[in-house]
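One chain, chain A, appears in both complexes that follow, with chain B as partner in the first and chain C in the second.
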Partner chain A sequence: MATIKTVATPAIAPPLSETSVLGWMRKNLFSSAFNTLLTFFTVYIIYISVKGLWVWGIADAVWVAENRRECFAINTDGACWAGIIAWLDNIFYGRYPREELWRINLGLFFLLMWMVPLWLPRVKAKISIGMTTVFLYPFLGGYLFAGSEKGIFMQIMLTTAIVCLLANTIHSIIGVFSGRSLPEFLSSLSGRKKVSDTTQRNIFLGLLALSFVVIYVWQMSWNLERVPWTKWGGLFLTLVIAGIGIASALPGGIILALGRRSRMPVIRVLSTAFIELFRSVPIITVLFMATTMFPLFMPQGFVLNKLVQVIIAVCLFNAAYMAETVRGGLQTIPKGQFEGAHTIGLGYWQTMGLIVMPQALKHMIPNIVGNFISLLKDTTLVSIIGLFDVLGMLRSISKDLPWLGLHKEPLVFGAILFFLICFTMSKYSRHLEAKLSTDHHN
Partner chain B sequence: MAVSDNSKESAHIRPKEQFDFFHDERVRSVFYQLLTIATVGLAAWYLISNTAQNLEARGMQTGFGFLNVAAGFDSYFKLIPNEAGVGTYGRIFIIGILNTLYVSFLAIIFSTILGFFIGVLRLSQNWLVSRVALAYVEIFRNTPFLIQVIFWYIGVFSLLPKVRDSIDLSGGAELLLLNNRGLYMPWPIPGDLFWLTGAALIIAIIAVVILKRWAQNRQDKTGKIFPTFIPSAAFLIFLPGTVYILTGMPLGWDMPQLEGFNFVGGATLPPSFVTLLVALSIYHASYTAEMVRAGILSVNKGQYDAAHSIGLRGGRVMSLVIIPQAMPAIVPPMISNWMSTIKNSSLAIAIGYPDLVSLFMQTSLNQAGYAIELVGMTMAFYMFVSLLISWLLNIYNKRVQLVER
Partner chain C sequence: MTETKTQESEKTREQLVSAVSAEVIIEFIQVNKWYGDFHVLKDIALAVHKGERIVVCGPSGSGKSTLIRCINNLEEHHSGSIVVDGITLNRNLKNIDHIRTEVGMVFQNFNLFPHLTILENLTLGPIWTRKLPKADAHDLAMKYLERVKIPEQADKFPGQLSGGQQQRVAIARSLCMNPKIMLFDEPTSALDPEMIKEVLEVMIELADTGMTMIVVTHEMGFAQTVADRVILMDEGQIVEENEPGEFFNNPQHERTRLFLSQIL
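The block that comes next holds the complex of A and B.
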């Protein structure tokens, strides 16, 4: 007679060798004589290098000193971090006027405020938030960073940006607490249960218009001193170049990638030529081309400043790389998706915008982040053609009289800075990839 | 029957296609393409006319005639002889190309070997070893290459001792000497009959190839494995070795000798070259390591089990089953990594190694002008190399696809 158990037999606890620390060590570190030897050898190497770094960078390092000579007087073997600390403002902000630093900080704070909602799960309408960041933030940031008199266009865009930022922020706060969008919330304030979409929209737009007028009048009294681009520098300049680069590379890359896959031969050939041209040459040659040839391209009397030249070069270069990333993403979309979209009567742009791109972008995220990381790293090359980005600033520490010859520490500091930024981003993109993945894991 | 009836019917019912000029796909396609050509053409014409005006206004000359003009400077590191004031700009161009290719070629070899090694360490069963390899990869991939190059140059190779206190890398034999003037090593001087040794080596290689073919054939027919490794090694060592000794060892070595304040004789690699080589190798090895790891992991685990179940052992599982299947996943990214090694060698400009960009786009451009020609030629060289490499990659991909059924 067969006995059927209705209750599952509880699992037997795994053997101690699988769970205990000792068991883990035996399995992963000392499984054989060779492995044991390898482990000891590696431990020795780690010990040597960590000890060397610890003694140089922390134990024997000098943190407070007036100049390099004083560092030497205190300890000759350790790092002289005092120089870095003295130059910290320069490394981050370049030669930006010290009393105006709040503008950079405020600008970065606004950018964070604008972008943080993109990471909050309960906030709705993330696409609009993202789009407004790309299209409106540049006006707000540009005004804060560069200052000077503003024309009527700039005034309108600036006001729009601020209104948008306000609306975004309130919308996100409401979203986090109640999970609703701002228009929904506004109409619920009026007390009525059911409000039609049009009324919702009208209330919302009315409030926007009102705040637009208020802020427009208010901003007319603002007067920010002009800070020329030659004073921009440090990590701030690096982020400006890389930020503009990545923001323009994505639309540029999408257009180029679609062009490369287009059925029209002229468009295909032109896109392919552009992509291959910029992908096959080193970025330093593109930067040199920008500084030597762009002045020749411009009509007489029209002078592009070096920063704009560099930014154009970075945008062109990065659009080509992004195009290949996008193309890779498009290739992951099965043909059935295109056919399905055609079947329900969608045209080319609708197919791409509503069906293909949303799916492809998800696949592209790790590569887009990878692109951004390499763009950020490549931005250091602008120091070769004479801009004072973060590396340019770090290298000028050794030419500063009190810190003459302080070469190693700034470079190590720069490496750590970039490592922290890039490593965090790449880890985050891997996390995002895992989170967004809808594939069936086998 | 019913099927054919249906199709006939539908062919009848199908309405006659009306030609709608504004909504026809072909018309639109032609229109868009004409529009693109017009836009791009106008933009190009605008830029070119501006350039022409600017060149005229500034009195700048154009044309490639300057390539035959003697350059007033010389490169301190070169593979072909040159002299300042005598060598032309054309010669400088070739020197730059050779310098770029030389350092990139060596860097590609070293980074590939190192990368494979690190990649295998990444997959090690030993937790600690794989973590250390991971740390290597993350550290070098997440810091800018330019900072690494400058760090190696200023932080390591500039701090080397003076000539008198050179570091001996060969452990007291005074063969490889490293100091702040560069790396010094012996250079072979072949004697009269040395070509015989070379010929013997070629014969030995041909013999080994024939032996391998024969062994493979025999294994295919009879299933018996002929161990080729020891006979091949014996061939390769003994045949040239015997000829070399019989002809009276016709190979001299030019040794670096300390004379006065510097070494004389032997071959010298300047510090900037060694720096760039080390930096490129280490940086690109971190990328290669990840490719190797990803490639080996891409092979299905069942392949290991199957290989073990038919009685193959560790080394043979890797060499006969896993590696051949991993190669199609490893090679394409690795070749583009080689391409970026060549491109990244242009950062030589930061440490003064005279590569193409530094010699041609910087020094020549400052001396001679001719911005458009110089920039164009430099970019054309990189594009040519890139096209060559992607052509090779396509050949490889086609071969791999043919093998895979």
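The block that comes next holds the complex of A and C.
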């Protein structure tokens, strides 16, 4: 018998549990006597722990005191945050000369200025902004942080970096307000309506060259006092090591991963050997090797400072880890994508750069950010080989005479600090994932 | 009205059939290929003329996909030689690069680039390998999108399109490279029945323009209306090769009769 539906079934409202808070609570928290009991028990546990933390960390805590003895005199049950507050500068900047702190702050400000456009929606040419950050900022930051005489190479790179920063910033401001790029804006100033791509580029390059000359002459008069790396420390040092590590790990990892998949046997074997060697050794060993063995391989009289050695070690170690992450991502790309690229005539590097990497990197974002987070936390190990990073600084509070024996508070403070940084990174990675998603499989 | 139109297209097709030139554009000479121990192509000899439409059919595993994938070097053959557009396929990378830009290919699974919009999918090849200016590549892409009748989807991503639309985009992507030869590797096998027709229509229109086409397919209706020659492959060999009328109505080989009885 045939069934024919002649009247459409009308839609009715969803059940209460799908729409109201009370309905949700009844369904998820109090659905049975046992579940109700569990809910109350859990709430009680949360209450005790939060209350304990609240009393120790905030209600009974001492915020203003000269030394630890005074803290105890005011309240023995609470945390002695006064010690942390007194050491804040040390925690953030280490033993960097106090009258030169503006250099670190300015350097960080420049970094922010450089990177903020990457997050602004209407700005064009984000890839070149990102690339200049990675390749040119180190010269600007390096000069600000370390100071001393500049060689001719350093002067050129420094000037280039400043010109780039200026161009980026103006470009971004124009982009936010008008949605155009800097070259487009410049050629529109000339009043003509239609300007060809080449003239547009020539105007832009001409202005860049002009500002290069001006800034080059100007920067010759700059004179920053040298701050030796032994004075670097605290969160600043941690961020320097981790920052360089993060900026170099991804490109290094991509090169190693491609090397490991290469058809050329020598490249493949070398990449594989490098990756496996670094992955099978603990990072602390790598750090010790870098500071004690590395100088033995160098020519006589060639002395690298310990900080540079440590940074090289961190970069190599993380590049090896990143390589495996990248390789995992590359394997998620179906063979058909390579074949599709092949049939429209793309070569190896074009296929990798335009088709494979953009897709693979998108799949890898959670893992890459995971690597970055563990890299940041791993840098605390440098305190073992005598660099005073943020953890080293936090631990020396307890050895400072006025705050002798103050262990708990610095570590809690360090935990909060790391949590804030790492949680931000992880949140940002979630945001990136959502933003870059173009798979519309629903 | 429609009748006159079909008559017209019939006429043009006839003209084109006669326009199949004597010039050989693809030639297989005693080609052999193995996957490990498995002998997948056995002594293949085949000459394709310029403007010819060839349909290759056969059971799965018979080597028909491998055959056409050898033409643009997606698979390497082990002995014998393949000459495409006057160039012998060998390990010379320059030759391969040249051939790849002359031979377009459409796959069963479309192989569109999911992270790029439809328009970007189409302009990528012209911009990066043909070195066209962006504006020209854009115009070219829109021209071909109109030809496959989906210009309104230009700014969407492949994942937002139906299978039939994606396959038409894939055809347009190949055409943007202005190829001399088009290869189709089971272009309708991954599609819902409702969508097969729209893809076949685009392919028939393409055949009417005189493009050299080699199509691996099980769509026998397509073979009957469009093909100049139908080839049946089995166990790595070309078993029978004939013009469609003879192939379907008067098959010579026992294997062909069996194959046709199973799929028709």
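Simple rule for what comes next: the second predicted complex is superposed on the first by the 420 of 442 C-alpha atoms of A that agree within 3 Å, B and C clash if a C-alpha of one lies under 4 Å from a C-alpha of the other, contacts with A are read in each partner's own complex, and residues count from 1 in each chain.
Heads up, the rule we're going with is that a contact is a pair of C-beta atoms (placed from the backbone, for glycine too) under 8 Å apart; a residue touches a chain by one contact, two chains touch by 3 or more.
No experiment lies behind these values; they were computed from the predicted model shown.
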Exercise. Where does A:231 make contact in the superposed view: on chain B (first), on chain C (second), on both, or on neither?
Worked result: neither
Exercise. Is A:423 contacted by the first partner chain B, the second partner chain C, both or neither?
Worked result: first
Exercise. More residues of chain A in touch with chain C or with chain B?
Worked result: B
For this session: Would you check which partner chain A:26 touches, where first means chain B only, second means chain C only, and both and neither mean what they say?
Result: neither
For this session: With the two complexes superposed on chain A, say which partner A:180 touches: chain B (first), chain C (second), both, or neither.
Result: neither
For this session: Considering only the touch criterion stated at the top, classify A:354 as touching first (chain B), second (chain C), both, or neither.
Result: second
For this session: Using the superposition described at the top, list the residues of chain A that contact chain B and also contact chain C.
Result: none
Problem set entry | Partner chain C, residues of chain A touching it in the complex | 336-337, 339-347, 350, 354-355, 358-359, 362, 438-441
Problem set entry | Footprint of chain B on chain A - complex, ascending | 28-29, 31, 35, 38-39, 42-43, 45-46, 263-267, 270, 276-277, 279-285, 288-289, 292-293, 295-300, 373, 377-378, 380-381, 383-384, 391, 395, 407-408, 411-412, 414-415, 418-419, 422-423, 426
Seminar exercise, completed: Within the complex, chain A is touched by chain C residues 72, 74, 97, 100-101, 103-105, 107, 109, 111-115, 124-125, 128-130, 157, 159-160, 173-174, 176-177
Exercise. In the complex of these two chains, what residues of chain B are touching chain A?
Worked result: 29, 32-33, 36-37, 40, 47, 50-51, 53-55, 57, 124-129, 132, 138-139, 141-148, 150-151, 154-155, 339, 343-344, 346-347, 349-350, 357, 361-362, 365, 371-372, 375, 378-379, 382-383, 385-387
